[in-house]
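Before anything else, here is the set of structures, which you'll find just below.
Heads up, the next two complexes both have chain A, just with different partners, chain B and then chain C.
What follows is the complex of A and B.
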């Protein structure tokens, strides 16, 4: 398992380092007596780094642990094990009192603006909220400037969230996140609830914040095209684990892990002339309460190679994209590494 | 040769397959009185769907897609009303039918799948009870036959343990399973037409692909026709034969799917395409459509897209562009539909630009 760390360490000037991070939830048993509490492995041994100014994407299906990972990094969940280093400080077990000054530098933007914005506050107060919480002096002009950065007209200052459209509410969420001039913005599905046209407006805004203000982004999205457009690197999650990581265009253009292949193949194309046969995975993600042994994907993997898949957890192997993927097919010297793709290409591509 | 055909018949003859007409909506106008005035949510929509056809209805939020479907189904939320128009299903005008007759048609001949798979199922009843209810209402099967049919239907929509799922409550099922249950419910009485409103929007990519394949199977094997309402233009590319693009309550373009994606004729359609990340290299900003769909109260004359259109001219603000033929089965409502050369995701030009880039 050291290999992926070697690859990852090549990053210069990391803003965030996550090492072997796990977050397990213990669930109380239905019955009052007997038995161990059940353990739900929401995030399992995740390792990656994000460079300063980088946009890093997390993709994966619902329940794969993306939000839990993000919330653990922000210490909104207490990590079960592993290490989180932010701006050179190990924050894994930092007491809230010492964490507070660092919290300023990490902000979050949510998908559901209906519940993440206080319905009883006016927009001006929502945007100024973090400044108030951190007892920072601020003026009306500061709030106006934040509105402006988020592309919101000042006419909205005195309105309430429900009087805004979904796209406008998302801009309020972004203005609020900008209030403390953070280094890192964790955006959890910021555009998933929006129409393509509004989604494009918000993505453009986030791109400007990244390029002009140098903000680092951890962007969670289930839409692969969004992540590929916005992020330099991407991690693909399945059942709490990262199964592949690398430069996003390369990973999505030429995926190495069978799960990434299925995910990419599932994305419908916008060209009716190239309707293709796709890899349709059977069934659904297994329960994280009893994850499969060995490779987490072996119960649905269309190219499973044999008992090794269900017995041995595959280590991370370097991929052609310059990243890594955790799949036995990529083991060097097995002769399988080159044929890894062939069974999938046959079913995956309809276009000649 | 086509001169003695009505416009609608001409549309038929331009369709990709020769088929009978199943649904024909003409001049549909749906209004919702509000405190601020009457919202004309649907304003003069014509729509035709043939047997065995998959027709897409696309557009941004608030364009009137869902209310068009609700009007067809007679399910408008109060105080919404169909103010004008005809809705012919198998040649009969549904608007002339009683509430009871329409209820019988809904569920029997026209099945529906709604936007939110969670709220569409009743949380306190099992799947068996809920699908069974549909069968009890519309058929005279006895309870044993109903039980069997429920399990058969669940199997048909690709649920691997149909007996167990039949006895489950909605909260015990994942989003994908719930959507399958809803589809099973919608096809319980073997409808000829399925109206699916954003059937995959709430689902994950791989589950979305499963549902997509299921819908394809229903069309190919059971001969179901589908009116697919969505803002996902990729889903339309994969599933539909023909497409209607709606903007601010009106149809602004209709075309066979390939023609639309190769050469869209309305600036709004092209703009929608350009919002898709992956349409252009990621070092360029997305060509977002600024602004939003206008309020549909007291609509001024002229083109409704004028405030957001990059090609707007003086004429656009005064003269309403009619929906006119621009090709075989292809119509667009833009004064410049003939002269504009608009990019679509399947345009040749673009294909060359992207030859080296990964496509999604």
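What follows is the complex of A and C.
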């Protein structure tokens, strides 16, 4: 995986560096006697870094390991192997006691707005909890200011979460995340549980916060258009691995990996005349309990070249967009295309 | 929580009546010396086994003691035992349940297997065995019953903690850096309060019944102190000549136990997450 690091866009000031991070869950044995304990490879050798002030997106279908990756970075899961460096400190195996002061600088916004707020606490207490926890001096005015930043009226302060709408609850979650003025906010599908009209509001709010407060974002979404709107760079995950990484506009406009192409082609278009054919992937995402050998995508890939796909794990090849993708089609000298110059994999659309 | 309970009560008249009866019992227990017309232990051997009259509204027992006053004091012993048992078993059981559920692993297995063993015995049988070890009397009864009812709380709370643990607000507290003791107290405990409250009302009923049972066989509250159980026991020999002794105490016991069960039922309906009305 060394190549990843070389190809990675060099960041002057990386806030977060993730190197070869894996998170495997061992499942309980099914039978009483015999039988190997099964290992679920939720995240497998993921490497990327996020620069200060950058917005980095993670996309992939459900079960691709995006959330597990995010939770491992925040140390809600113990990483199995690899390295996480945050603000220059290796936090991979830092004991919780030493990690606690660093937690101030990394906060999370959750997908499920109902579950992410304690139903027995008032909004005031929820928003103030980070300040209380870190023993920071705070007044009612500070809490009001946080509510204001998140675009919430102060009348909500004395209410309970169930008295608020989904969008309002997500704003409370954002206010809570902002309380400690973190460097990094990990937003795990922050809008996917919301109405479409509310989605745009919340995304715009996050965008304003990012530009005004210079917060670094790691945004997780299954909707690639949300990521393109919000992020400078994007990583596409499939079955626990990053298959393509690059500047989001370029990845969206000119995807290199066949899986990214499929994802991009699934985005609905506003112009009915531009009929780009849609790549429909067949079959299900394979089980992470027994991931395919070679390229993880070969079982569903519409442009599979041959045995090499199912035998050899593809290394990262540079793409025209300035990022990289892990696909044998991009190998220099492969008949299909030439990685250095032109957009890749132009063939294949008609095959599906 | 209080909102949903009051909503439930508005549409549940038996629950209101039950609450009224329980309140009256509590008041009687609390103000027993003021309410009782006579000294419950004053004997008058010239006036034994008297039928209810103006002077003794519920008659007298075999020693000529005022039965009404004895019932008032029996309410007091019964309440003292039940309240102590409920508080002790709920506090200890809830703490163990949160600890087991939140910690998981070996501690969890150990505590749960121990509670399985205790729950394998009917609670009254377990309490009898414990009293044999601790010694009879008010104190022994309270300790034995509290131990016997603790595993039920531990189980219920642990089950709830296992599901609460997966809620995102627990993860959120962890990312904020809240330590696990505070998470348990502030985020887990309030969310298991509902089931604990329901179980509290149930345990209260069982404790009243068990105390009466234990006193009936002579292992609970010892005479001459009045208790529902020992009044019934002493009236047993005169059931054909002076039926008011056993019957009045029996009715008193049934009334409070029934009220508590109706209350528990109403609380369950009010706090059941599956019929939550927001």
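As a working rule, the second predicted complex is superposed on the first by the 332 of 352 C-alpha atoms of A that agree within 3 Å, B and C clash if a C-alpha of one lies under 4 Å from a C-alpha of the other, contacts with A are read in each partner's own complex, and residues count from 1 in each chain.
What we mean here is this: a residue touches a chain if its C-beta (ideal position, glycine included) is under 8 Å from a C-beta of that chain, and two chains touch if they have at least 3 such contacts.
All figures in this text were calculated on a predicted structure; none of them were measured in a lab.
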item	value
When chain B and chain C are modelled together on chain A, clash or fit	fit
Contacts of A:107 with chain B and chain C, given as first, second, both or neither	second
First (chain B), second (chain C), both or neither touched by A:135	neither
Partner chain in contact with A:268 - chain B first, chain C second, else both or neither	first
Touching partner for A:228 - first (chain B), second (chain C), both, neither	first
Partner contacting more residues of chain A (chain B vs chain C)	B
From chain A, separation angle of chain B and chain C (C-alpha centres, steps of 10 degrees)	80
Contacts of A:165 with chain B and chain C, given as first, second, both or neither	first
Touching partner for A:253 - first (chain B), second (chain C), both, neither	first
Touched partner set for A:200, first chain B, second chain C, both or neither	first
Chain B versus chain C as contact partner of A:176, first or second or both or neither	second
Overlay on shared chain A, then closest C-alpha pair between chain B and chain C (Å)	12
Contact residues of chain A, present in both the chain B and the chain C interface	none
Sites on chain A touched by chain B in the complex	61-62, 165-167, 195-201, 203-204, 207, 222-226, 228-230, 249, 252-254, 262-273, 275, 278, 280-281, 283-284
Chain B residues within the chain A interface of the complex	60-61, 160, 174-177, 204-210, 212-213, 231-235, 237-238, 240, 257-258, 261-262, 271-279, 282, 285-290, 292, 345-346, 357-360
Chain A residues touching chain C - in the complex, by the definition given at the top	71, 74, 76, 99-101, 103-104, 106-108, 110-112, 115-121, 129-130, 133-134, 162, 173, 176, 180
Residue ranges of chain C in contact with chain A within the complex	1, 167-169, 171-179, 182, 186-187, 190-191, 193, 278
